[in-house]
Structure formats: C-alpha cells, structure tokens
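Next come two complexes built around chain A: one with chain B, the other with chain C.
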Partner chain A sequence: MRKVFKIYRPFTHAGVLIAAQYRANFFFFILGDILRCFINYFLWHAVFTSGGEKTFAGFSETDMVVYIFISFLTSVIAYSDGSYAVGEEIRDGNIAMRMIKPIRFDLAFLFQELGERLITVTLIFAPMMLGVEIYKFVVTGVIGFNIVNFILYLFSLILAYLITFYFNVCYGYSAFILKNLWGANFLKDCIVGFLSGGVIPLAFLPPVVAVTLNLLPFASQTYIPVMMYVGMFDVPTIIYSFALQIFWLIFFIILQQIIWNACVKRMSVQGG
Partner chain B sequence: MIYVENLKKEFKKTIKDPGLKGSIKSFFKPQNEIITAVKDISFHVPKGEILGFIGPNGAGKSTVIKMLTGILTPTSGRCEINGKIPYKNRKNYVKEIGVVFGQRTQLWWDLALRETYTVLKEIYEVDDESFKTRMAFLNEVLELEDFITNPVRTLSLGQRMRADIAASLLHSPKVLFLDEPTIGLDVVVKDNIRKAIKAINAEKNTTVILTTHDLKDVENLCDRIVMIDKGSKVFDGDISDLKSRFGESRELNFVPENIDIIKTLDYKNEFKLSDDDFELSDNGVEVNVRFNSNKVSVEKMLNYTLSKTHVKDINVTDADIEEIIKGIYRSEVNLDA
Partner chain C sequence: MKMLRKIHRMFKLHRIFIKQDLKKLMEYKIDFLTGAIGMLLTQAINIFFLSVIFARIPNLEGYSFEQIIFIYGFALLPKSIDHLFFDNLWAIGHFIIRKGDFDKYLTRPVSTLFAVTVEKFQVDAFGELVVGIMLLGYSVPKIAVSINFVNVILFVVAIFFATFIYTGVKLITSAIAFWTKRSGNITYMFYMINDFAKYPTTIYNRVVRTVITYIVPFAFTAFFPASYFITGGNVWYNIGGTVVMAVVLMAVGIFVWNKGVSAYESAGS
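This part shows the complex of A and B:
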C-alpha cells in the first residue's frame, strides 16, 4: 500500500501542477456551476412560496435549500473526468504511451485526477459548508451542525467519488469500440445527473421509482452522501447505504479490470 | 536477447456506417473485415546490437514494435525479450525496456521537463544516486541543460525528441526501442541524435531496435537490418551485404525535348544489361531509368543519353530506401535461393 502510494504520488503532484496551469479555466467552471445552483435555489423557493405547504415529501424549504447546495457540492467533489480523459487517450492513441510504463492505468488516472481536483476541492469545500450552516442558523435560529452526520457524509463522499471515478473509467473504455465519446459523454452526464438525485431528491419521485433508483449505482454517487449530511437516514438505512456503496465500488473496480483485459487483447492503437 | 518467431498480427476492422446511428448499429451488429498487418516474421537480435528495422509506410514496422513493447498482443507466434513475453505481465516487462515513438511523446505536456523526469524516477523506482549519475550522462549526450526548465509544450521538435529519448533511458533499460527517432528533424539535430544513440549503445551495451525511413540512420548506426514489406520479412543481413547487392542502383531522370525520342534509346543492347540491372519508365514528360552502376558507369549512361537526345533537364540520384526495397522485393526469389 505504501509502495503504491509512493509510485503514484508523482501523478498527484503532476495533477496539481497541471491544474495550476489552467487556473482561469477552473474559475469559469466553478462560476458556471454556482450560477446553476442559485437558479435551482430560486426555483424551489418559488415552488415552496406558491405551494403554501410547509413540507414536500418530508422536505421543508430549509431542508430543500440545504439539499440543493450540498448536492451541488457533492456532485462537484464526486465528479470525475475519467470518461473524457480515458476516452480521449484512446481516441488519439496516446494510451500506448501509458502502456509502455510499469504502471496500472486506472491508478495512474485516479492519482492524477486527485491532484488536478485538489485545489478545486480545497477552495470550494469550506466556504460552501460554512455558507450552508450559516443559512441554517439564520433561518432556524439554532446551530444545526451535526458532527456525526458530517463524518458519515465525508466517508460516503469518498466512496461516492471512487464509484464515480470507476464508473467513468468503465464508460471511457467504450471508446475502444465507439472510437469517439463526445456525444455519448454528454448524454451520460445528463442521465446520471438526474438518476443520482443531483437535480431533484429521489424521495420526490413515486415510491416504486425511488426504491429502484436507490438501488442503482447512481444514487450512490450523490443522493446517499447528501442524505447522510441532511440526517434523513435512520441507523439501519445508513448501514445499508454504506454496504450498497461498497458493493458498487467493488463491482465497478472488477468490471473495469475485466473490460480493460478484454480490450487490451483486441486493441488497435489509433494513429501511427 | 530478443527472439521473434512467426509473429503474426491481424486486425479486425469494423466497417461502420456514418453517424451515431451507425455507431450503435455496429456496436450491436458489427461487420468486420480482417486485415493482416504482420504476416509471419522471425528474427533474433543478440545483446548489444543495433538493429535497423526498415520498410515502406504501412509495411508493419510499428505494429511489430508495438507487439515487442507489449502494447499489442500478437494474433499468433511468439516473441521473447530478456526471457520475458511482453504482452504477459506487461508491468513487469516494461521496467526493462525503453521506448520512444517519434510521433508521440511520453512527456507531460504541461509540466516542466525536469518535473517529468522526477515523475519517471518514482515510477521506475530509481534511487537518488543512480538518478543523479544517469541524468548527468544523459545531459552530456543529449544536451538537455538548455531547456530542462521549460514546459514540454514549448519545446521544439528536436528538443522534444532528445527529451523523449532521455526519458526512455532514465531507468537504464536493457533494450531500447526507437520508432522513427529522426522523423521531421533537421540534419544537424539528426546527426546529434545518431551520436547520442551510439554513445548510449556503447555505454551499457544496450540493445537498440530502431525503425526509420532515413537510410543515413541505417548507414551510421545499424550493425544489421531487417527489412519488411507488406507484413513479411524481405531482407535480413548487415549493411555491407545490402550495399553490395542493392546500393549500386542509380536513377537517371531526364526531360527530353521530344518524348518520342525514347523509342530510339536502346540501353539494354548498348550496355548488355539484364532485366534485374535495368528498368525504364516514363510519365509522358519525364523519363526515369534505373540501372546498376556496377554494370555500367554513370558517365557512360550520361554520354549515351546526351548523344542521342536533347534534354531540358537531367539528373542522377542514388536509389532511395523505397527503391532498394523495391529492388529487394523484385529479387525476392533470388534471395531465398
């Protein structure tokens, strides 16, 4: 384990340096995301004001606002470029340059991405958390911060990121067959965004649909960590949710290994 | 050191209709066509040799290199390098080899060159002491000092190639694969790179396999050459062998004032040349004569040509690599005999 860390740490370092090269790019991205977040906020504000009801499927307006911002934060942190990065390397044939190195393809990508996103996460995490807690305090008048929920959230968030990463890597490998992933990626992001509860809480959906979606890996990517933070899960649900997340993580790690082995055997490197 | 036996690679090429619809259709119901890139190649390279691997575009050179470096899995046949089979246990195998693809870079596009080397040091688990001496040596032969702090994306092609070669040698590999290391470089840089390759080969008796289109690379560097065409081996031997057999071929090109005059030119009977030693073709304007300068001197050819015709333009050139390959390909039967 320590050896793995020693070998792949330079990828993280390289990732940080690469991210630092494209600072402006990063700020525009975050700015766009935050704008979308506020649009969501005003939309739900309008829904709650005009509806006249205090709660909606167990969510008060305060809960909803917290949900919006925390799910936004979660999807920013548990976001992975994996499918773009893997797909692009396959498309232009540069994957060959990785194969001539004594490294594992997935780990190299993972550690490099961790580095690339380190700055993003550090810059966005604390202010967002603080903002949400201050909002809760202003509206309700009590300090609602719950350290247990927060720690559960952190664990769940890390699992969510790893699931997202390996899911995306699996998806990226389809470039071996499709050759170019741009369109397919766009479609995937939209579908995953909805199914993971990133757009609306899954609890808002009809029970049958909600239960089904809960089982799918997408819920593990955003919905489960957010619900941990909001504190809407009872103890059995928490244990069950963690088990589900771990199951999906192992599932995708094994799946990407299988796909990778199959692809390498029948691979043709594009371009020279 | 390197054993290659009956190596063969077939690609399945998917015939795809255009558009997303076509992609999905071919995803579920692929229509394939089998292309044989490498047919049946065998050769053996002893330790410390510099082997030139040559052939025209699309001959299958890169495919062979990719199989030898563990990127591609052969359809059939086997190759063994340092007692290891490349495509099995790739991670373990690639620790002992260095690879440079002239058309790609293994350097980090956005990082300073120095950073890339630090990353590679960790990947290959090179200790500090060896890293230092290694960098000093590479610095000396490849002159990296001038641009080692620059980001890789700002390097010129020549600098990048030198940097890439250094990157492939950091861990003192036993075998170095160079796929067109002099592609697109000017004469001076080419010369420097050749010197560096020689120095590297001499230093640790590193086996080098290189592919190239530049006959000068072959002449300057290679102890031996393997030539392939259309996926098959057509020549295997040393340079002097190749030269005595095919290097004497010359090409005489001229533009006569009246193209019909070529009917009156009878080189064959004049100099008593056989079909192997002589070939004449024209494109309606220019006449191209390929001849063996061992059998008939350039002077005689020119004198004879100029005495028979009035020419607008005339020149004599060495046969280029493609020409030699063509020559070998034509006389394939003789080689086998």
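This part shows the complex of A and C:
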C-alpha cells in the first residue's frame, strides 16, 4: 500500500498544480452552478407553501433544502473527469505512452484526479456544510448537526467518488470503439444526473421505479450519501446501502480491468 | 440604398457561413445527434420533475401546471435562438482572445462583431428550440391565450427582443476579455441567472426579484412577456420592458465591445 502511494504521489502533486492554476476559473463556474440550487430552493419553498402539507414523501421543507444543497455538493465532489480524459487520450493517441510505462493506467488517473479534487473540496466543502447547518439552525432553532450522520456521509461519499471514477473510466474506454465526442458525454451526464437522484429524490418517484433505481449504481453515486446525511435511513438500510456501494465499486473495478485487457489487445491508435 | 445593400451583403455572407457549418455537422452526425438527444432529455427530465411536483399540489403560487409549462416553453425560445446565432461569443471569453486568434477578425472587411457571431451556427440549439415549440403547442390550447393578429405580432416582437437580452448579457461579459484576456467564467456566472426566468418571479424573495428584473433582466426574457399572454394585462410593462431592456443591453454591449476592440492587444508573439 505504501509503495503504491510512493509511486503515484507525483500524479497527485501534478493534479494539485493543475487545479491551483484554474482555481479562479473553478470558483466562478461553481458560483454559476450554485444558482441552480437557489432556484430549486425557492421552487420547493413555493411548493411547500402552496401544498399546505408538512411533508412530501417523508421530506419536510428543511429536509428538502438540505437535500438540494448536499446533493449538489456531493455531485461536485464525486464528479469525475474520467470518461472525458480517457476518451481524449484514446482519440489523440497519448494512451500509447501510458501503455509503455510500468504503472497502472487507472491508478495514475485516479491519483491525478485526487490531487485536482483536493482544491475543489477545500474551496467548497466547509462553506457549504456550514451554510446548510446554519440554515437548519435558523429555521428549526436547534443545532441539528449529527456527527454520526456526518461520518456515515463521509464514508459513503468516498465510496461514491470511487464508483463514479471507475464507472467513468469504463465509459471512457468506449472511446476505443465509439471515438467519443462531446455529445456522448453530455448525454451520459444528463442520464446519470437524473438516475442518481440529482434532480429529484428517488423517494418521490413511483415505488417500483424508486426501488429499481436504488439498486442501480447511479443511486450509489449521489442519492445514498445524501440520504445518509439527511438522516432518513434506518440502521438496516444504512448497512444495506454500504453493502450495495461496495458491491458496485468492486463490480466496476473488475469491469474496468476486463475492458482494459480486452482493449489493449485490439486497439488501434489514431495517428499514433 | 447604401444601407440596404449593406444589409443584403450581411445576409448573403451569413448564408454562406451557415452552409459551411452544416457541412461540418454532416461530418459529425452522430455527435450532433447524441448531443441533441441529450438536450431534449435534459428538458424532458425537467418537465417530468415539474409534473412530479404538480401531482402533489393543486397550483404553484396560483399558477397552474399548464401556465408554468407555457412560461417554461416561452423561456426556451429566445434562449435557443441566441444559442443558434450568437454562440461564438462564448469562445471570445474562453479562448479566442487569450490565444490571440482575435487578430483574424480585425483583417476582415466587415465589423468585428459581425465577423465573430457569423462564424458559428450552433445547431445544438435546435434541441431546445424544438422542446420550446412543443411545450407552447401543448400549453397554449389549455390556457386562455387569445390568438389574434395583435398578439401574434407581440409574440414575435417579444421573442425577438428577448433573444437580444441574452445576446446583450453575453456581449458585455465576453467583451471584458479584451482587457482581462479571459472572461468565459464571468459570462457563465451571469448567463446561468437565466434559469431563474423559467418560473414565476413571484416565488423568489425581493433580492432575487430585483436582480433578475433590473440588474440582469432575464425575467424579461420569459416571465414578464409570458405573463402578458397569460393574463392579457400590462402590455407596456411586460412587452415594452423586454424591448427597452434588450435595447439598453445591446447598446451597452456594442459600446463596451468597440471600446474593447480598440484596447485589444494581441496575445503572444
């Protein structure tokens, strides 16, 4: 394990440098994206005022607001550039250079991205968490911060990131065949965003659909960690959800390895 | 006469550029198709989201589902038309100026702004345009919009000027790059405010309402003009406001742009 860290640390360092270069850029983009959370906040506020009921599908207004902001935070942190970066390397042929080096392709990417993530996380994690907790305090009058939920959330978030990363690497490999361009990635982000509960909590969907979507890997990417934070899972569901996340992580790691082995055999580099 | 000939020439040039872009499109058919499906799907998911909400409440601050859909669909039209014709302004703030590529527009025998905008015909916008038209087609028969000659004219006027509210915001913010080399992220931040326009402004608090009405006036791209068609009231404020805001933003935009072009120093060697 220590050897792995030693080998791949330079990639993390490179990632930090890249992210530091673009941090102002990142900041503005995030500001633009956070606006969407506020739209949802006002929309749900109007929904709760118009509906006259205290809860929807088990969510109170406070729960809903926490869900909106924490699911945004989760999707930003658990976001992975993998599919784009891998596809790009395949298209321009740089992947050939990776193959001749005695390092693992997926780990090199992972450690570089972790470096880039480091800055993202430090820039938005604490302010947003604090904002949500202050909101909860202002609305309910009691400090609602639950350390157990927070720790469960952190663990689930790490798993969510790793699942997202390996899922995206697998998707990126499709560029070996499809030569992915912008459109394919846009379509994927759109579908995953919905299936992972980023648009609306899965609990709002018809029961059959909700149960099915819960099983799919996408729920493990956003929905499960957020629900842990909101504290709407009971103990059996928490254990079950972690098991599900671990299952999907292992599934995608193995799938990634299989595709990689298969692709290396039949690959042709464009202009390589 | 000279003016007419000039306009005629601009349209002719524009057609040639559009033809070029369509050829490029044929080269990347699959990419265009998946992108357009993605755009369609994004909107479909949003509509689904609204229908899930409306399954649980009778109305939203007094607006029915059909009325919300009308405002939403209305919002997509100017947005997609701006996207179709003026998408290249994004590239100005993102990389054209930073890489020194702006030099080439200075050598063209047309105004720089025209040369920049005409260069790209962003066909991805058709996804949103189609959804917008479909949503209007669905909602108009279900709400009491009176379809008469005056309203049709007002509709066209509102869409036309609302488009230039989008273009104006992009123009002002991307022209900042003439001084800072890069302003794509600033454009993005301001542009994203347009999402607020898709819902009745009455759901927001006073700060947000003031910002989207008077500062970055996206409320005039959708909610205000659409509410004229829904209620039939206050045409001067709802449609007139759209016209005034568009003219002001475009005037400021062109002014800043021209200032910027004269301040422009090419990057690199």
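Simple rule for what comes next: the second predicted complex is superposed on the first by the 271 of 272 C-alpha atoms of A that agree within 3 Å, B and C clash if a C-alpha of one lies under 4 Å from a C-alpha of the other, contacts with A are read in each partner's own complex, and residues count from 1 in each chain.
Note that in this section contacts are C-beta pairs under 8 Å (C-beta built on N, C-alpha and C of every residue); 3 or more make two chains touch, one makes a residue touch a chain.
This is a predicted model, so every value here is computed, not measured.
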{"item": "Chain B versus chain C as contact partner of A:183, first or second or both or neither", "value": "both"}
{"item": "A:6 touches, of chain B and chain C: first, second, both or neither?", "value": "first"}
{"item": "Touching partner for A:29 - first (chain B), second (chain C), both, neither", "value": "second"}
{"item": "Chain A residues contacted in one complex by chain B, in the other by chain C", "value": "183"}
{"item": "Residues of chain B touching chain A in the complex", "value": "11-12, 20, 23, 27, 62, 66, 69-73, 87, 90-92, 94-95, 97, 99, 101, 103-106, 108, 110-111, 115, 118-119, 122-125, 151"}
{"item": "Chain A residues touching chain C - in the complex, by the definition given at the top", "value": "24-25, 27-29, 31-33, 35-36, 38-39, 42-43, 45-47, 49-51, 53, 56, 181-184, 186-187, 189-191, 193-194, 199-200, 204-205"}
{"item": "For the chain C and chain A complex, residues of the former touching the latter", "value": "28, 30-39, 41-42, 45-46, 49, 52-53, 56-61, 185-186, 188-189, 191-193, 195-196, 198-199, 203-205, 208"}
{"item": "Residue ranges of chain A in contact with chain B within the complex", "value": "6-7, 9-11, 13-14, 17-18, 21, 93-94, 96-97, 99-104, 177-179, 183, 264-269, 271-272"}
